[in-house]
Amino acid sequence: METVRNNKYRSPEASAFYTAGLILLGIVVVTFIVSLFWTPYSPEATDAASKLLAPCPEHPFGTDNFGRDVLSRIMSASKYTIYISAAGVAIALILGTLAGIPAGYFGGYTDKGIMLLGNSIMCFPGILLALVAVAVFGASVTNVIWALGLVFAPTFARVCRVGTMEIKELDYITHARVMGVKPGRIMAMHIFPNLVPQLLPATVIGLANMTLFESGMSYLGLGVQPPDASFGKMLSDSQAYIRVAPWLVIFPALMLVFYILGLYFISEGLRVNLAKGGKR
Amino acid sequence: MKNSIKSIVIASAVALTLSGFAGCTKKPGAANNNAVVGITQEPGIFDPHTVVAAGDEEIIFNVYEGLYKYDSKGDLNPCLATDVAISDDASVYTFTIREGVKFHDGSDLDAADVVYSLKRAAGLLENQDGTALVQELDPIKDVKAVDGGKVEVTLESGNTELLSYFTTGIIPDGYDNCQAAPVGTGPFKFESYNPGQSVILVKNENYWQKGLPYLDKVTFKVCADMDAGLTELAAGSIDIFPYLTTDRANQLDKAKYNILSNGSNMVQIFALNNSVEPLNNLKVRQAINYAVSRKDVISVTMDGAGVELTTAMSPAMGSYYDKSLDGTFAQDIEKAKTLLAEAGYENGFNITCTVPSSYLIHVNTAVELASELKAVGINMEIKQVDWATWLDKVYTNRQYETTVIALTSSYAPYDVLDRYQSTSSGNFINYKNDKVDELMAKIPTITDTKEKTELYHQVLKLLTDDACSVYLQDPTTITAVSTRLEGYNVYPMYVQDMSQVKVTGN
Amino acid sequence: MQGKAGYFVGKLIELLVTLLLVSLLVFAAFSIIPGDTARVMLGPEASEAQVNLLRSQLGLDKPLVARYFSWLFGILTFNPGTSYAYNMNVGELIAQRLPVTVGMSAIAMVMVILISYPLAVLSARKPGRLGDQVCSVIGHVLFAIPPYVASLLLILLASSLFSLVTVGNYVMPSEDFFGYVGCLLLPSFAIALPKIAMSFKFLRSSIIEQRASDYVRTSKSHGLSDLKILVRHVLPNSNVSSITIISIILSDILGGSLIVEQVFNLPGLGRLLLSAISRRDFPLLSGIVFYLAFITVLLYFLSDILAAITDPRIRLK
């Protein structure tokens, strides 16, 4: 029984992706780890006397409209960005696979039912769902993450479903079925691993969308609460100052792009490896 | 109504052809006699007796007029009435109605229109249940026309404070469709409303003040927020834009825009719920007052364009404002700490601040306040809620600890202080002081202005002594006006008076 | 024929059930979240009497369940109802906002096709060459730039470098068509960027795959020119996957790109949706969600059919 896991092939293309990805993601992760122990200034302490300073030796990334050090804020923002996107995508991924694989595997009414629900959730405004979550369970970042996870789950379910429909026609799956292997086992042991190459890019897109979605929700007071921040929130807060203080936009934007691009490169590396390994 | 679904479908397919019916907004250009005003609040209510939101009021100020009308200096002048006689005990007001005034629908204004309008506002019409639409006019017992084009208003008891509420709009007798098709006597007629986009007013050719207005058309254009308005200003697609901040106004071309500034007569308040622990403790409330730097709040939220407040009224209220209270709570961290220790909170405490997320100024204020309160050991957690939730939870049901909000301006001192009566529905801070209740009940019966002013001062002093909340600032209104226009006056309230504006250049 | 009719009927039922489910979800959400339309419209200074008058004028004094059923009944008779906050037919309101949303989608779509197709064809000619690699790297980077960040950076560029492009200042197409297209260019580009990268990536790999396939090799041996092979065989087969991608992209954009609309101050569907939520405007919100659900399901439906037309191997099941 061949699965894609048992190969050790590494292409040079994949290595390039890994290196680039690790460097970019490394910048964000190191920033995050350092922020747990040290930031140059307090990320929350306001100082009306030194507001909107351009980057200078004391404040390498400048200061914001409250006189807070942007570098310190970016450092502490990395925490929420990583937490929200990772936890949200994890929930969406788990819910999506749990719904999508059976839908694709069993087909028929199971499939119809699950996809109907998925479509309905996709059409349902995520912001409204988050409002409901907050109204029922109280305002907290965790509740918003659950709402986000639910909103994004149908995308993963869709990917899983289509993938499963293709894979289940393969000979070895038919084999396994004929030999009496239980559906649950087939789905977990044989189908899921083969879905990984398709799930990887979806995961990265999910991470990117999640960070932005979260910042968009701040308009209704959901998501990260001030004075805490995430990259997305810093961007939406600084939009007003784009002409007078572009550094408020540029640095969080760069960090956000590093984070997503880093993850994306790593997933590309993985995908190339799996694809090449699979073909061999 | 079948075609509405169909229109969606067609529009999806051929959007470009269909978009034709989506209304028009004209750019200001050469040789036109129009003006475009940027507004940031979506208008919605055009009925003069239910309107209360500032965003609606600033528009319909040009459409409806009352018996009396405020000018930009805050003086109350006769408008649709030429004068008023108030009985000695202030329980009967007799207005003389102006002659030669025409409504936008062409009919003449007479006493019957006034009677109908006032009754409707006071909830006295036969089809109404007796509760006043304009709450302040609730004391009216009866309105009737008397000889010689006069209207007599009888009150339940003497009230010398009521004249300023006769600014409420007069509409034609029996007219009940103001929401959809406003009809008033003002300098401009209501032309159209495109939701989310614009309200268009056109010149009232028969306006009773001869020669006014100058403009043919005024468009109130909805902008998503201040920054969107700024982009539109820079692009030249709007002429007048109020409610800017200093640093944004500074980005504008000085040759194209004049920057006007004026006190807004609003009171931004860090509201403390007086009935929850530990805010029910006077010393705690005083400590919070001493811990706050109003100057820094103004610097962070308004770039310094605001007037520090320590009491419930803006200095724009003239003699009613009590100057002796200025500087009462100058920032003093040590004193704040001592007060907290005396109250039994030497280690501080945790508290939440529920702020409306759509008002950036209040969210930013909360952030600055949280940072300042930390210095005295108070950990304030900020909880943003959307405006609908805020109105429901905080304002109506009073389930909160602290919040930041601006109390809307009014020229009437009684209106400003009304909410501090323990029974007032606007008393969302749950303030209760029998002395204040007593004074507020007494004020409407006083006819002597000096004595009345003295009583108002007493109320203000009590509010400040009780540190019922933290009064922060009267934010300055900064308005950009295109240099092609002149005659625009900034009012210390949410009003855009377009009647005096004229085009002088391009 | 019967299979086809059955397919259509099945899809139609699916559409109806989805719409019903979504409207039920919206209704459930509304019964949970706090807030009152009349109070939001009138603001804090309004008296109870004023709020109550407006409530009864709007029909808000009826219980939500009754309002839901009257709304549902309205939909069945093709009347989406009247918005509370705007006092206007919901259908008209949505149609008013469509020029922005549809225009933006159309322009973005054109950009995606115009840029990604030629690049993908060129790149796939000689995979691994410098040009291909440069395109791929740029594609990777673009893919990772979220539209929101792109919008902000584009505004920054547009306002500092060229004063040609006006940001904000939306004009109606009826008034000045070129102005309308002009003001949508930048936001459309912000939306299109990651989609261009996505479409480029899929097309490129699809073309390379097709090239290597047996039938192309056979055609080549028969002496067909490269261009003919590309146009006749490679692209049509790649189209199957690109149609799917395009439908995904379209449903993405047609849903109203709230953040981009917000940044560029465009009166699109996304902002109408947000306003409906924040004003607790049940008929309007249900109407928009209903419309979005309709579009989404319809697009998947159309993409299935188109895929079937372009590729005879896929049969309508």
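In this document, chain identifiers A, B and C correspond to the written order of the chains, with residue numbering beginning at 1 in each.
Keep this in mind: a residue touches a chain if its C-beta (ideal position, glycine included) is under 8 Å from a C-beta of that chain, and two chains touch if they have at least 3 such contacts.
Just so you know, these numbers come straight off a predicted model, no measurement behind them.
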Category of the chain touch graph - line, ring, star, complete, other: complete
Chain at maximum distance from subunit B, centres defined as averaged CA atoms: A
Highest C-beta pair count, chain pair: B-C
Distance from the mean Cα position of subunit C to that of subunit B, given in whole angstrom: 39
Subunit A and subunit B: spacing of chain centres that average the CA atoms, whole Å: 44
Whole-Å gap between the CA centroids of subunit A and subunit C: 21
Touching two or more other chains - residues of subunit A: 131, 135, 219-220, 239, 243
Subunit C: positions in contact with at least two other chains: 33-34, 262, 277-278
Shared interface positions of subunit B, touching two or more other chains: 358, 386, 389
Complex contacts: residues of subunit A adjacent to subunit C: 112, 116-117, 119-125, 127-129, 131-132, 135-136, 204, 208-209, 211-212, 215-216, 219-220, 232, 235-236, 239, 242-243, 246, 249-250, 253, 256-257, 260-261, 264-265, 268
Of subunit B, residues touching subunit C in the complex: 1-8, 11-12, 15-16, 18-27, 42, 44-45, 49-50, 52-54, 123, 131-135, 179-180, 194-197, 222-224, 228, 231-232, 235, 237, 358, 386-389, 391-393, 395-396, 405, 408, 425-426
Subunit B partner contacts - residues on subunit A that touch it in the complex: 44-46, 48, 51-52, 65-67, 131, 135, 139, 218-222, 225-227, 239-240, 243-244
Complex interface listing, subunit C residues touching subunit A: 14, 17-18, 21-22, 25-26, 29, 32-34, 140-141, 143-149, 152-153, 155-156, 159, 258-259, 262-263, 273-274, 277-278, 285, 289, 292-293, 296-297
Residues of subunit B touching subunit A in the complex: 226-227, 247-248, 251, 293, 295-296, 299-300, 355-358, 363-364, 366-368, 370-372, 374, 381-386, 389
